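Next come two complexes, and both contain subunit A; in the first it sits with subunit B, in the second with subunit C.
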Partner chain A sequence: MEEEDPISVALKQEENISPNEAPRLSVGQWLRTNLFSNWANTILTILGALAAFLMLRGVLNFVFSENREWVAVRTNLRALMTLSYPESQYVRVWVALGFVVALAGLSAGIWANWGGLPLRRLGTWFMGVGGLIALCVLVREPSVLVDTEGKALLTLSGSLQRESFGAAMADRVNWWIAALVLFGFGIALWSRFSSAERRHIEWPITSIVYVGIGIAILTLWVVPYGHYAFDDGTYIAEPGTTVAFSTQMPWTVMWALLGLGFLLGKFLRSSRYVRMSKTGSNLLWLICPFALFWVVLRDPALDYGHVMSTDLPMGLAFGLLGAGALWLLTRSDIGEAGRIAATVLLVVAIFNWVAAFFGWYPMLQKARISFLLLAFAALLAPNFIGDVAKRRQLVLGWIGVMALVHYLATMINTPSTLDLQSDEFLGGLGLTLFVAVIVVVLSFPLGVLLALGRTSKFPIFRMLSTSYIEVIRGVPLISVLIFFSVMVPLFLPDGMELAELAAVLTGYTLFSAAYLAENVRGGLQSITKGQYEAADAIGLTAAQRTGFIVLPQALTVSIPQLVGQVISSFKETSLLAIIGLFDFLRVANSVIPAQSEFMGVKREGILVVAMIYFFFNFVISKYSQRLERRVGLGER
Partner chain B sequence: MRKNIMWRLLATLFAVALAASACGGSDSSDDSSASGSSDAAEETEVTLAASGESLLDTIQSRGTVNCGVSGSAVAFSELQADGSMAGFDADYCRVVAAAILGDANKVNFVSLTAAERFTAVQTGDVDLLMRNTTWTQSRDSEVGMDFGPTTYYDGQQLMGRASDGFSGSSQVADIGGSVVCTSAGTTTEKNIADAASEAGVSIELQTFEDFDTVTNNFISGACDIITTDGSALVGRKAKQQPDGENWVIFPATPISKEPLGPTYGQNDSAFADAVNWAVYATIIADEKGVTSSNVDEMLASGDTETIRLLGGEGELQSGMGLPADAFYQVIKQVGNYDEIYSRSLNPVGLSREGSANAAWTAGGLVYAPPAR
Partner chain C sequence: MSIDDATTAANDRLADRDDMIVCVNVDKFYGDFQALKGVTATIKEGEVAVVCGPSGSGKSTWIRCINRLEVHQGGDIVVDGIELTNDLRNIEKIRSEVGMVFQQFNLFPHLTVLDNITLAPIWVRKKPRAEAESTARALLERVGIPEQAEKFPGQLSGGQQQRVAIARSLAMEPRVMLFDEPTSALDPEMIKEVLDVMKELARSGITMMVVTHEMGFAREVADRIMFMEGGEIVEVGTPEHFFTNPTEDRTKLFLSQIL
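Moving on, here comes the complex of A and B:
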């Protein structure tokens, strides 16, 4: 990393301060102007502080109460994360996660320009955390005294006996030390970087985040938390059985992958392949949810004889013959014959599907799909008539699509050797994240198409999109989910089954797309007529106008709503519990309290689940604020 | 104009791709449970059993038993921290798998809510229910279920505090004026209301979302009495009774009858026989003293009925479409009735002795027809 002279950085920063920025206030001044400016304000401040104090005290007493059985959460960490996913197959989860982490690092390296955090501010953060810990230690009520058998001692009047305040503080000496260390470190940072010439020394936020994650992972090597093994009703925390012990190595590898990805990204950013790597990383992100789906959920036992004799030749045949056909169809002298050929292809392809429903002649499903795709590609062909480069686009695109479709279809049809004892092979946070990611990724393009359809000039598109959106928005998510999980299987032809998860994903995606479409439509309507006219004036086609002029602006305007949609999609996955899937919340709400060891222990789990939901949504929300600032939203 | 056609086509293309991927997703979990024959895997569509074929054959060709359980019933079917299913009902799923497939681990557990359980049997999602489902007349007739032998005799009881003057000999007539709590939307609500009006006392009935909440309200003092199936009350008392309190369960004769056992779709005798006799086998083994540890000796030295049951002679099991050693595998891999009972239910304080679940020779109701 190249170092810049701190003084020049500071000078640069000094120049950036605009003349109308608010003057700096001392702490006393700030308090006086903002909290105690008049008597009404003073009363409100005091009442607010009192309420905050009582709330903090309540939460602390709840969390640290002797009645809390946090061991239920610790023991069930694995169930909360993945439920029944077999332990022997965890390596797949790590491979998948490693891929995502490396990709995240790469993207951060290529794209991220998060700027720096003044070290002085970092100092105040440390001081804040240290102070908060000290406050918590002070506020929490003293522990209940217990006798040698662990039974709570009662006073004569029958209430619980608590230790004295001094003894309680002495018991919490570890916390005091932690608070003092953090606070002291914060003060040291703060005072060292307070002088005028050092005030603006910054550290890149990326490295602060990276070091933070590193410290969190380091704790795995030090503290053996998260034991889940049982022996005759007693918990054992022997090495190798705790979550910390069994995950410390993989997490460290993840951390290294993140760093390597980031460095590679940095390198690519400064190289001449920057454009290509940006496109590449975007493509990888698009493919990765589906690719990882196969890695995590399946362990294909590929029958290579079958692959060589059937799958591969078929893929090659469709890819190459299709490519040849498309090459012909994009000739400039093809004329009307091309359209006729494409229509014939379409009729045959549709007939294949009709035949499938009546079981007239057997055919591999992927042949039907490929044929239909070929027919559509043939219909698209007239748009690619032109020079060789343009024709090559379609043909190469076709080969890419075929490779992907045939790969996925082969994987689907290969039996899995994953030995799963139960249908709930995926549950907990894994299921929640999985559904949320897939739904967001799939509903986005569908939603944009629906929004375009609803604002289209063609009445048939407008009517279809509008009625779809209105029907879906007029129905609660629960009924859509129940419809897809209970009703749709009854309408399917004999022998076709829709797995619960697939049914849910379909229903949820269709639901989410309708809402997303409305958000995008809001953005579309904010684009003034002048933009359309300007696009027409410079001779853009309708597709170019939409793709290059209208959509980018419309999507930018709708960022806040789109992020809101993402957050609510994530949270509403908890409704999956109603149709019988074991999402994150259901594990805490009904699986843990139903275990003989932890009968009725519910509040602890729910609190942890709430905190994790909050963490994810907070990160998404923060990121969107950053995004809004970067695209200059709200400044026009 | 032409460009608009392109957009239209793109839209359709995407819709089709989406539909295709949705169908694809459907196969993923079917295949994961199907046996690995590459012929079966080749066609995306799974052929449904021709009508008239018994579920027994379907299960044998599929290689797993799809067993519907609750997944959140303490001691009956609970998801463990490592994701496995444990409990009395879960073990009876394993009994069926051991009998039909010879391997107690070939069970695919499906957790079902009370509302979706019968639909799951009708749509074929599960082969049978071991989901503490009470055998009632309407379920047997209108709902279209058939019921196997009762594995657990339960009944609704009440639980109060000894400090409020309740004891094991209290009756419903003694609870006048109390706040009685139970979970919403179950028959327990109706049962207690009926019992109270029959006894001529007025109670204040409060319902909560689930029984965890009910128990928490009982602990905090918001409820004077809570009521549900006796098995659950015993478990709650064993695990959640605070120091210095004494909870009592009454009346001795429950206010309702809740016989729980395997439940399956009607009119499939071959499958019903296989399930029923797998359950009976565990009961007969208990009666004859055959356990998972001595089953090998008993196969050599037991009485004629034992040897017949374990497949040592005769073709009783083969005649019903099961392997000859089906019940030997059941006892060997899962255990007899008493072993299954004590494994899951003793730890939560439920004992067989003196209850309806004692063997018929000990004054209980657990009885099996003879194997001959």
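Moving on, here comes the complex of A and C:
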């Protein structure tokens, strides 16, 4: 029996969802077959509609209630984004964001053919939005009447006194106009592109999204969201003005960067450098968190003297001398001498740590770490004896590892000394996204390694990974976070500090990696024995087999779970509040309500925050569905 | 008559060729169960050897030992002068000299046909991509599906997939090709297209060891047919000998069942 492979399944699904082939039912037919097919179904439909109606009305009443102070949210947009990150240093955040935005545009251009949206369908969307607005206007209860002091008036029977329906509709004339304009535009679009020959005219989805983002950014220039500033330790809110130029301009630049990145990506996609640029964009994504970390956290008064006199030379020395040593150790005539050299290195490396414990002689921590790594590399060296290509692999790998280790060590050892106006560092959505992105990017490779370890045929790797995963999965995230922010600094040897944020990121990454590993393991288990055998039979090495055959398929299979993990990492950043960081939710929940202008105004902010969380996760989830369908087809 | 006598007597054409695959007293155990019992055979360079026998007789086990997808526990296997031991370097060498085609094709579903074929030449043989791709296209031409290069395996018929698998193995320029029931998973109308490719290969002079029940194929291109049962080689001979006057009763029984 041959199982149905995922690709043919995906192919079939693709056929089913193809919009052109599916037989279209008329609206009446559709209603009859799906909602009113028999009387039980009819009752369910009516009850469901009633529930939906009540829910929608409740939400609308809440949102448009006279008691809502939306101005608190509008005015505090900046607080929600970055909290009290010093204004003079804002350029760093913009640089970081600009980098990511341009890279995102680039990748979107290089990797995917996004396809088009028939303008006719776009018309129906506009009609839908217009209709929805009209529905909302109708459904919302007439406003409560208030007296001159703003207190709600009651009827004689004690219930709220509301204006008449007609007056309510007249009050909402702006909304009616909006609904009609959108609906009318939709109809115009729809009818213009309904004729047989125009039916298939499409607009690229990317252009539509890009225009949408553009309109959102345009509102910064025209809509009086209100302004917010943090000055001299106090929050100053200025409702009723448009946001500052220093906000409008950068966002506009971001928009331009996104577009330029995309155009460049598209150009590269059709050029002969596709493969190279795909690799390049992946590499950039990998480097990106480190670069951003540095851009955002960097100590303005970073001691470049120390970097030049110590950090850099040391990194270079380890990188180059180590590379030379490894080159020698992989000579084919090295024989027994190689093993002896490696053992000596290992003994020295371990002795360094012992010495650190007793405080015999001073040595920078990163030197100890590098030494130990060098010893391990020397032990591995016999596997790389052979042709030049193999030796070069080891040497280049070593240089890469050293660059990373020394970069990280220098960075983490240099906690930010930004001149903060309060205890709070970067906060708000900025912090949330920053943590989420870095955690996801870093935990990904770690999780994959753990999963490979857990399914490895070497018992020692299996044991280590399994116990790591089980231990981490056995404790709540919050305890890991507390452990890293409070306890770990106590254990670090002298002369090594861990900035709070770095500590938290480390803990969070280690935590998230364990869960990711389990998801990847699920994918690994779904790879058939035949794939391994075929890879072996054509002579791939174990590493090539893993990288080219096993992992790509395993990751594809586990896309839904991996995306779930990404989404939950993103949402759980809200736990950062517990260890004292001001994440997005905390700003809405405790910073805004503490401002004198908006004392106790909480619900509005929280609703907006929830919506933004939802928006991000919705986009991620939609994208993953798309991705699944595409890789399911095998296309890349 | 011993097995070796039958072999040499029947194969004048191969008499002065070098040995390509030499198996001496190969034993293979799965736990307590002995799947191969002292298998001894020599396959000459350029020979086409067909292995047949009832299900569970150890055909797959044997052929898979030859490129070390299975590890044998007793006896020796020498392929093209390289002995199969635990030495990783020997295994690497063997694997790049021995191609294998599986019953279930085992193509890589996430790679295009072209990438399936060029992967090993690029990464194992370190060929430049352009060269590997032009070789791959030539091979697709040879197996009769030049127009499928950009498709994914899931978009091909079984027969086409198996031909891609053959091309993938050939791309490594192997000296030996192993086939383990290459047509058993195919619908009857696709069997022929794969067998045609294999016949063309056989004529090209590459050493082939084929596990198959396609007796027509065996009769037409095999230099020798080996009959296995219960983990042993029971009878060896030219197709003529094998189909007209097999000596062993078990062979006769088997032939009467499948012919």
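We adopt the following convention: the second predicted complex is superposed on the first by the 450 of 636 C-alpha atoms of A that agree within 3 Å, B and C clash if a C-alpha of one lies under 4 Å from a C-alpha of the other, contacts with A are read in each partner's own complex, and residues count from 1 in each chain.
We take it that a contact is a pair of C-beta atoms (placed from the backbone, for glycine too) under 8 Å apart; a residue touches a chain by one contact, two chains touch by 3 or more.
In this text, all values refer to a predicted model and were calculated from it rather than measured experimentally.
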First, second, both or neither for A:445, with subunit B first and subunit C second: first
First (subunit B), second (subunit C), both or neither touched by A:505: first
Which of subunit B and subunit C A:365 touches, first, second, both or neither: first
Which superposed partner A:556 touches (first subunit B, second subunit C, both, neither): second
Touching partner for A:184 - first (subunit B), second (subunit C), both, neither: neither
Touched partner set for A:313, first subunit B, second subunit C, both or neither: neither
Partner chain(s) touched by A:85 [first = subunit B, second = subunit C, both, neither]: first
First (subunit B), second (subunit C), both or neither touched by A:599: first
If touched residues of subunit A are counted for subunit B and for subunit C, the larger one: B
Partner chain(s) touched by A:543 [first = subunit B, second = subunit C, both, neither]: first
Shared contact residues on subunit A - subunit B and subunit C: 541
In the complex, subunit A residues that touch subunit C: 2, 5-8, 11, 389, 528, 530-531, 533-541, 544, 548-549, 552-553, 556, 631, 633-636
Interfacial residue positions of subunit A with respect to subunit B in the complex: 75-76, 78-79, 82-87, 151-152, 154, 228, 230, 233, 290, 297-298, 301, 303, 306, 310, 362, 364-366, 369, 372-373, 376, 379-380, 382-383, 405, 408-409, 412-418, 420-425, 427, 442, 445-446, 449, 452-453, 458, 461, 486, 489-490, 494-503, 505-506, 509, 541-543, 546, 578-580, 582, 587, 590-591, 593-596, 599-600, 602
Subunit A partner contacts - residues on subunit B that touch it in the complex: 2-4, 6-14, 16-18, 20-38, 40-48, 66, 71-75, 78-85, 105, 107-113, 116, 119, 123, 210, 212, 215-216, 235-236, 239-240, 243-244, 344, 347-348
Touch list for subunit C against partner subunit A, complex: 67, 69, 92, 95-96, 98-100, 102, 104, 106-112, 119-120, 123-124, 126, 152-155, 165, 168-169, 172, 185
